[in-house]
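Here's the structure we're looking at; comments come further down.
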Amino acid sequence: MGLVPVTPGPSLVDAGISPADAALLRRLVPAMPTAWHRLNPLTKATIAAGESIGAFVLGGYLGPLLILALVIVPSAVVARVAGRLLRVSILVSLPIAVSVVLVTVFTRAGPTVLFTIGPFVATLEGADFAGQVLVRLLVLATALGLFGMTTEPRALVFDLERRGVSPRLGFAAAATLETIPAMAERAAAIQAAQRARGLDTEGGIRARLRGVLPLVVPVVLSSLTEVEERSLALEVRAFGRPGHRHLLWTIGDAAWERPVRWGIVIAVIGVGVARLAGAWPHIP
Amino acid sequence: MLELRGVSYRYPGYATQVLRDLDLTIADGEIVGLVGANEAGKSTLCLVASGLAPASIGGRLTGSLLIDGEPMTGRAPHELAERVVAGFQDPATQRSGVAATVFEEVALGPMNLGLAVAQTVGRTRAALAALGIEALAERHPSRLSGGQSQLVALASLLVMRPRHMVLDEPAARLDPAGTNLVAGAIRALAATGAGLLIAEHRTDLLDGLCGRIVVLDGGCVVLDGPAGEVFADDRIEGFGVEPPARIRLARALAARGLDPALIVLDADATPVRGVASPDPAAAPSAPA
Amino acid sequence: MTAIEIRGLTHVYPDGTRALDGVDLVVPAGQRLAIVGQIGSGKTTLVRHLNGLLRPTAGSVLLDGLDVRSTHVARLARQVGLVFQDPGAQIFSSRVRAEVAFGPRTIGLRGAALEAAVDGALEAVGLTDADALNPYDLGLSRRKLLAVASILAMRTPVVVLDEPTTGQDARGTARIRRIVADLAAEGRTVITISHDLRFVAEGFERVAVMGRGRVILDGTPETVFAEPSWPVLASTSLEPPFAARVGARLGLGSTPTEASLIEAIASRSAEAGSRRGSS
């Protein structure tokens, strides 16, 4: 399975790093409790992408469900996140699922009518389409969820940088993820300040609507100023400097992972092309 | 050496010149204090002296910034970063947002400079030790108190081993212990030959730390000289600068017809414990 | 006029942190009280109970007899005005005047009374000439004064200022001192959290020192900054103000403010002078 860090290893001592420092560097690496966690981040990303695109490319119900049952769920079990993953995926996809079902069941034209509500006609074809979309949605949610739950953003960013992607790109992605909790905290602080000025957030609908502007504007304005100050602080630390960086740690790549990644990519492309060419057998 | 020659600056989108035809030199190993009322332009001067204005924030600069004799016009921000670093008031915005530990946060600068792992680790350890925050190395940077964050932000700059440093109120949120650590780290950096510019309100802090004080008013330098002289100058209060406590007390005594020399202070009675007062004589006992 | 009665106040945050551990504090109406102590000692947690932003885990907080636990924050805002440390946390209007008017308008002031409240507040902070400006065109310290004005305009009987002098220049600090004095002269209760002990010693008649969620010392500046209290101050990372240290070194007793120090030196000299004269 995937090696833990590439950088802290026997070569460290030769590079002039004391055992104490090497131990510290090892502690900086995010915890990877299971074999799944220890896979290289790019591998996990490729698997997630393969599962999601594969579900769309395969068509029908059986394909996506097999991906879910034979690949995603076992991986989640190995990673010990199966329960949480299913709970969160269903919760997150529920709103979209409901709207998709409502729209397609009633708008998909077809000959077999199931029932009517006023001007809206529910067809079997619509229900079938909705079902297929739901199944793909579930695969997408669980595949991405599994990746998100078992991969530290920094690990992926450093891995990409190791492979030649510009650090700035990776940084932009990682920093964006950080801004969400930061903005939530900011919003809470602003809400407290406005309540201290008499803003009623516990009252009725009208009161709450009136309270939107005094809450939203400071969040946006202060976030914008924060972004500017943050970027200055980064530039001062030579962030934009071109050239290679020696990272403190990266996640290793086992020998077999590369062929597996390529295998997944080729398989997905292959099935896609076959379907387009009409050469793929119909699966329910 | 860091030099500003005939510098005027206005922010992008604004017509008013915030800095006007300003000259300032910071020699190697010098610690210069920058004081003045809040709208005098201190923060702007910090941005210009570090090259961030106009290189990163835009705006219009006339005159020139020279570092070690080389003009910095048109240089990219990362080229400036290798020569001068700047610290700002809000420690929260100086966090990179991509490090999950204080160690990695502080190590970001050396990594960006392309240093080998051993060097990065060595420098990071030294910077953390200089500010007494080794114990915070594995903590998450966003779960620190205001004072701790400020120390981490300063460590992130020290680790760059800059030749010049510009700091805007570096001790604003710190308690006496933290302020002492910052003062010590500043002195240690200056001892390596780096030149520093520190913008502050707390003249007591600058009193024991800076050899030279520059007073800014309306975007112009109105006073520039040795700390002892500038702080004793009667005009600084008119520029919105409160003299340090020892001067205030000496003046109050003189106003009462008492001998100002009645209060001569040693290290124990100065406002920041550990910062040596310019007057090393011991306090006399009261006349009996 | 409002008195504040805090009895056995305990607050435990959801993550288990015991921020307040049985605080007893009675604040008579019209008092100027400063709350000091190291970060984490519970100062901010304490004041947030006064306007209902936090609810007690145990114990009680009474505002002029009104139990804060059963009152809406919006209602408490009429009694207690709390100025937060960070002005960016509340500014949303594009004009200074509108920003100041938001608070009083929300609690029900209208017409001439509203305009008078806004004018008064702007004048107290020195922003009368800036009332048509965009708040972000003011410097950071004037924005802080704007935040103070927004609360002053609400004319609350109790005003709480959280670190009002941080980042202020000499003029700004002088202005804050004047505001505190004016509020007290009007009979309002003024409470501040500050690590500027000189500001505390010179402007406030009572100092409550907090450490680890409790009030560990409570008295006048004379008592709290006198030499016998220094170990307690040190236990919560505080150093006595400069004047107090010099006075103690010169054997002049407790001199928490520079004025009292000068007085003490003057009278000591006068004594010495008269003794010399009579010998």
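To keep things simple, chains are lettered A, B and C as they appear, and every chain counts its residues starting from 1.
Note that contacts are C-beta pairs under 8 Å (C-beta built on N, C-alpha and C of every residue); 3 or more make two chains touch, one makes a residue touch a chain.
The structure displayed is predicted, hence computed values, not measured ones.
Undergrad: For which chain is the distance between its Cα centroid and the global protein Cα centroid smallest?
TA: Smallest offset from the overall C-alpha mean is found for B.
Undergrad: Which chain pair is joined by more contacting C-beta pairs, A-B or B-C?
TA: A-B
Undergrad: Computing the C-alpha centre of each chain, which chain sits at the greatest distance from chain C?
TA: A
Undergrad: For chain A versus chain C, what separation do you get between their C-alpha means, in angstrom?
TA: Chain centres of chain A and chain C, defined by C-alpha means, are spaced 47 Å apart.
Undergrad: Using CA atom averages as chain centres, what separation in Å is found between chain B and chain C?
TA: The answer is 28 Å.
Undergrad: With centres defined as the mean C-alpha position, give me the chain A-chain B separation in Å.
TA: So the centre of chain A lies 42 Å away from the centre of chain B.
Undergrad: Specify, in ascending order, the residues of chain A that touch 2 or more different other chains.
TA: Answer for chain A, listing residues that touch two or more other chains: there are none.
Undergrad: Which bits of chain C are touching chain A when the two form their complex?
TA: 48, 51, 53, 72-74, 77-78, 81-82, 84, 86, 88-92, 102-103, 106-107, 136, 150-151, 154
Undergrad: Residue numbers of chain C touching chain B in their complex, please.
TA: For chain C paired with chain B, touching residues are 38-40, 139-142, 166-173, 195, 237-239, 242-243, 245-246, 249-252, 258-259, 261-262, 265-266, 268-269, 272.
Undergrad: For the complex, give me every residue of chain A touching chain B.
TA: 7, 12, 15-17, 21, 24-25, 27-28, 30, 152, 154, 157, 171, 174-175, 178-179, 182, 226, 228-248
Undergrad: Which part of chain B faces chain A closely enough to touch in the complex?
TA: Residues 47, 50, 52, 56-57, 76-78, 81-82, 85-88, 90, 92-101, 103-104, 107-109, 111-118, 120-121, 125, 137-138, 142, 153, 156-157, 160.
Undergrad: If we count contacts the way the header does, which residues on chain B are in touch with chain C in the complex?
TA: By the definition above, chain B touches chain C via 36-39, 89, 145-147, 169, 172-173, 175-177, 201, 204, 237, 240-242, 245, 248-249, 252-253, 256, 258, 262-263, 265, 268-271, 273, 283, 285-288.
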